[in-house]
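In structure tokens below, several structures.
Presented sequentially are two complexes of chain A, the first with chain B as partner and the second with chain C.
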Partner chain A sequence: MGSEKNTGFEIKDLKISFKVFNGELKVIDGVNIKLNRGERMGLVGEAGCGKTTTLKSVLGILPKQAMLKSGQIMFNGEDVLKFNSAQMQKFRQESCAMVFQDPSSALNPIFKVKDLMINGMRNSLNTKDKSWEKEAYGRAVKALGEVMLPDPKRIMENYPFQLSGGMRQRVCIAMALATDRHLLLADEPTTSLDVTIQEQILHLIHKLSVEKDMSLVLVTHSMGVIREMTDRVSIMYAGTIMEVGDTKDVLENPGHPYTRALIDCIPKLTGDGVAEGIPGRVPDYLNPPKGCRYVERCPKATAVCREEKPQLVECGPNHMVACHNFGR
Partner chain B sequence: MDKNNNKDIILDIRDLKKYFYMPKGIVVHAVEGVNLQLKRGETLGLVGESGSGKSTIAYNVIGMYEPTSGEILFDGEALNPKIRKRTLKQKGNMQIVFQDPGSSLNPRATIGKNLAFPVKLHGGLKDKNEIHDRINELLQFVGLPEEYAEKFPLSIGGGERQLVCIARALASNPELIILDEPTSALDVSIQAKVIRRLIDLQKELNLSYLFITHDLSLMRNLATKVVILYLGRVCEIADTAEFYASPLHPYTQMLLSSIPVVTEEEEKLRPVKVESRGEIPNPADMPAGCGFHTRCSRCMEICKTEHPRMREVSPGHYVCCHAVEGRIVESEKKD
Partner chain C sequence: MREYVKYFVKRIGFSIFVLIGLSIVIFFISRVVPGDPARISLGPNATEEAVQQLRTKMHLDDPLLLQYVYWMEGAVQGDFGDSLMTKRSVIEDVREFLPASLELIFLAALIHIIFGMVLGVVSAKYNGKWPDTVIRIFSYVGIAAPPFVMAVLFLLIFGYWIPILPSIGGRLSPGITVPTVTGFVSVDSLISGNFHALSDNFVHLILPAIALALGNMFQEARITRSTMVDNSGKDYILMMRSQGVKNGLINRKYLFKPSVIPTISIMALDFSSMFCNAFLVETIFTYPGLSRYAINAMLRNDLNAVCAVVLILGIIFIIANIAVDIIVSILDPRISIGSGGN
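On to the complex of A and B.
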């Protein structure tokens, strides 16, 4: 694990389409994400805007219909998308791990936690050594302890259905982090959990990412979670990145009309009433708008928005926005 | 709570209990003696974690479940626990909107047909044109264009589908609508739209809402009164402003402090950081005493053995906790 090479993680101009019977769904249309080592990046967007697809493309677990049109995913100076299967396997074993949204379907119900965890480590450890199973067991118990599950040895003997939702998600995180990783992809890890449990899980992920100096990509649709968890945030809409910047900066001075509308929509504790919501819906991916993909819902849309796709431009220190109207 | 004059109160739940009997003699105490009152034209917010009995209460009211004990009064009139014995008018007076609009509409019928059934049943309309007009009127109420009557539920977005569900609930001219997490499956931008519509409809048609959610920030903007449930029991009831200004129950404080907020002003409104720990216990295996004592930071000896009684802290603000001072309310019976 050449850690000296580990300079970060970057997605460059990623484009992914899905083949369907009446054409091509152009879902991801030029996603750019740059992440320095040990940084926590949030990826926010509405349902169906391609957040999960982006993450899946990193691990090479896209469904068969998906077609990679262009793009690079650089990790440690290598392009992940060009990996052959052995390299990919190695990448998954040693560098990158993912935590999924629904912990109950991410764990195989017919195996004990013990078997799940040890099997997961089978490839990461040296299996030629006879005692690898013992080592794996030890590591698994340690990992379960790290995610603050009480009595890890008892939990090792349990089946997933015997655990509660929060505990299952902890097991998933423990599985992802049982061996050292440089990058953790968390795909809405707390959406199916209650707020109090959500807080515990987020706290845990944050703590582990700091302790292990791990980069984190956190996908969510909750701005609140982003604010508490991440250093930087990318706002995603219909397969394109609309705005990138330091979390605090983006939330306080959103540059893109979409970001602003999204923040306004969130019900606030201050009780200022409920916003109007954003009119319209996500564009049809079969025939997406030629220009900016937000054009049909944007109150400030002009002719140029319809024709030309906006590029990410600097609008402040460390803050980029993809909007033709910015600065006008 | 006090003996208010009953004219105002549209829904009165008295000491409602619902147990589920499972194999091997396991009893799940889903709702354990809940007293709630909803005034006409107001919104009562039921908040709690999953497994706290929010939906069970709603299903008991609507008649999907039969209460183990307790009474449900609608407009001062006791409802039969069996839904079959309720009159059509009683059923029409309250309607429910479920969480997942995708599975609560018939995917093979157009939206018009989905709406026509309750229109025919409750409205007693027979003439085709009348039915058509009524469907259009319902769609208008929720702000959808008339063409939607010809569309199928799958071809419209999730938020619009939920609006159709609301339109369907309105078909019987109800006075009370139970909203069981109507927006938790939706994105915030769409949620805002649906909630706006609900608020407008409430004013237009003088509806009362029993709103179930786990989103306390949403409740702040919507409810007139908030009820916090934990393990089938009420922890705290207060008017919204009072509730958010001075939450008293340790569980409420834990809930409020764990909401992820977006702005700095909101941060200030949260109570002092209470670290959340533990998980909601299994309702089949309830802890003795106060249900919350396993997670409570202010747990005392008495909490482990005796369930606290409801106390009135200030007018209209009730808390169920040993650590909070207040006048014990007598209507809360033994237990």
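On to the complex of A and C.
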């Protein structure tokens, strides 16, 4: 299904606002993400900074109040945001899938796994004749096996509520990967699972993305997960990308004060107990700061930070940072 | 599945206790209300002796508990005593009036269930656009205006200004008769093959049925709409959309089915509440139904009739609820199979 064409995925200068009663929430304000084929990219940031919104905008499943202000989402040289509905459906069916944060709400509770999986992929198959259902069933069983679910045929007959949280998330991943897609957007796939299951699910996603030569955008809060899972990482704050680079490089030589603060928040085994977190909170999206959005919480903020929005600039090999203070 | 059958056996068993409770409450209330039923029945001119005779016959002089036992004994055999108002046995009255009311209420239920859902779905589909707004405005009016206002309005419009429908009540026009088999005129006319009577019956039913249905219909439309709009933003819908499933299939199947469950649950309540609302509608349309009979019985202290009607309505209420529970559990496997994981 056109895998030769997969030249990568890039989000350019994405801006999204939400219409609300008393104005406009300028949530996403300049997201830039670029990843090559087969690369795994981490997307880190605190709650409410627009990570999920970014992913949803790729698949065109934003709520009605969302307004696309500007930007491009390039996939295989085409702008996803300019797709008409048929092209978008094709993109969803063949190229890109998303794994949601909470598997218990992502599966329709009153339908069997079989029903959800088969109908989920009915338009993604090339077979258009009557045998599609049989093929879909076969693929579904195979996909459930790939996500290490024991006895896939029995799982197919189960309702989602009969499965545990980890099993549900595996079903969701199986749904995303049952057909040959090239881009997987994983929106905190382990947040609602318990710790032992988190590890398994992450390994599974990592393994499958390698096996299937798939690009991955993994949203998470955990720096540990980022280090283990990803090749590159984007640090996001209040709807803007603050820093982006090779994972190891960013974690070892953070260029942005926010990245540094995030890393300092990780509890250290040898350190002085639990870290304190970053004082302050995410800015008001109704009236965001004119300049850098991190300015209110940044210990190094200067006058220029308030006035001018910093652009992403090269700060090392394959490493960019959006901070006025960098290099000064 | 066995759990499921067990659950319903339990439900029905429990319902019997509810009915016994109901019978105790209604019986004792009916006995403590002021007024001497025997005297009311015989009128002010009857001799004291005759009244006393009737009192003995009705066991009114016995202790209350014993009265209840006598009454219950009769009730389980379908004998609720005589109605003081019609001078017939109560069960005979019920046999005549209940089918009339049920006929009306079934038609009303059909109207509000079908159109309630259709309007709800249309509203949800055009959320925020003009069809939604129009339905919303009508909904507020329809919910706010009680059925009797609608009834009067309809009579005025369709019986007087545009006289296309009969404004004089009853179940059939004078001169048309059908042999009584089930007591439901519509069914009886079908059985006897009298289609003229069937359409005549329908013409008599339609206005009161609509008047009765409108409030519930709009209520259900609102509930269907809001659950559908809520659910359309849920992850499980976004999940299907993100997989490239066609919108038609998503709306028809994955959105509609979970969204109608709350609406169906309230339909049982709506069905029962229609019996109360039916009183005024039946009165306005002079329709010979059970609700009108019941209110008249209450106003005239006809205790036997009141107790019987309340018990029968209790049974109907319970049946409606159990029926809805069964429908909901068929639609929602979480109920029939039990939510093990949650």
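Heads up, the rule we're going with is that the second predicted complex is superposed on the first by the 323 of 328 C-alpha atoms of A that agree within 3 Å, B and C clash if a C-alpha of one lies under 4 Å from a C-alpha of the other, contacts with A are read in each partner's own complex, and residues count from 1 in each chain.
FYI, a contact is a pair of C-beta atoms (placed from the backbone, for glycine too) under 8 Å apart; a residue touches a chain by one contact, two chains touch by 3 or more.
Since we're looking at a predicted model, the values are computed, not measured.
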Combined model on chain A: chain C and chain B, fit or clash: fit
Which superposed partner A:56 touches (first chain B, second chain C, both, neither): second
Which of chain B and chain C A:121 touches, first, second, both or neither: second
Chain B versus chain C as contact partner of A:67, first or second or both or neither: neither
Touching partner for A:164 - first (chain B), second (chain C), both, neither: both
Partner chain(s) touched by A:111 [first = chain B, second = chain C, both, neither]: second
First (chain B), second (chain C), both or neither touched by A:200: first
Minimum Cα separation, chain C to chain B, after superposition on A (Å): 8
Overlapping contact positions on chain A, where the chain C interface meets the chain B interface: 164-165
Contacting residues of chain A [partner chain C, same complex]: 56, 59, 61, 63-64, 89-94, 97-98, 100-102, 104-111, 116, 119-124, 159, 161-165, 172, 175-176
Chain B contact footprint on chain A (complex, rising order): 46-47, 164-167, 194-200, 202, 221-225, 227-228, 251, 261-263, 265-279, 281
Chain A partner contacts - residues on chain B that touch it in the complex: 49-50, 157-158, 187-196, 199, 214-218, 220-222, 240-241, 244, 254-255, 258-263, 265-266, 269-270, 276-277, 279-280
Footprint of chain A on chain C - complex, ascending: 128, 233-246, 249, 253-254, 257-258, 261, 331-334, 337, 339-342
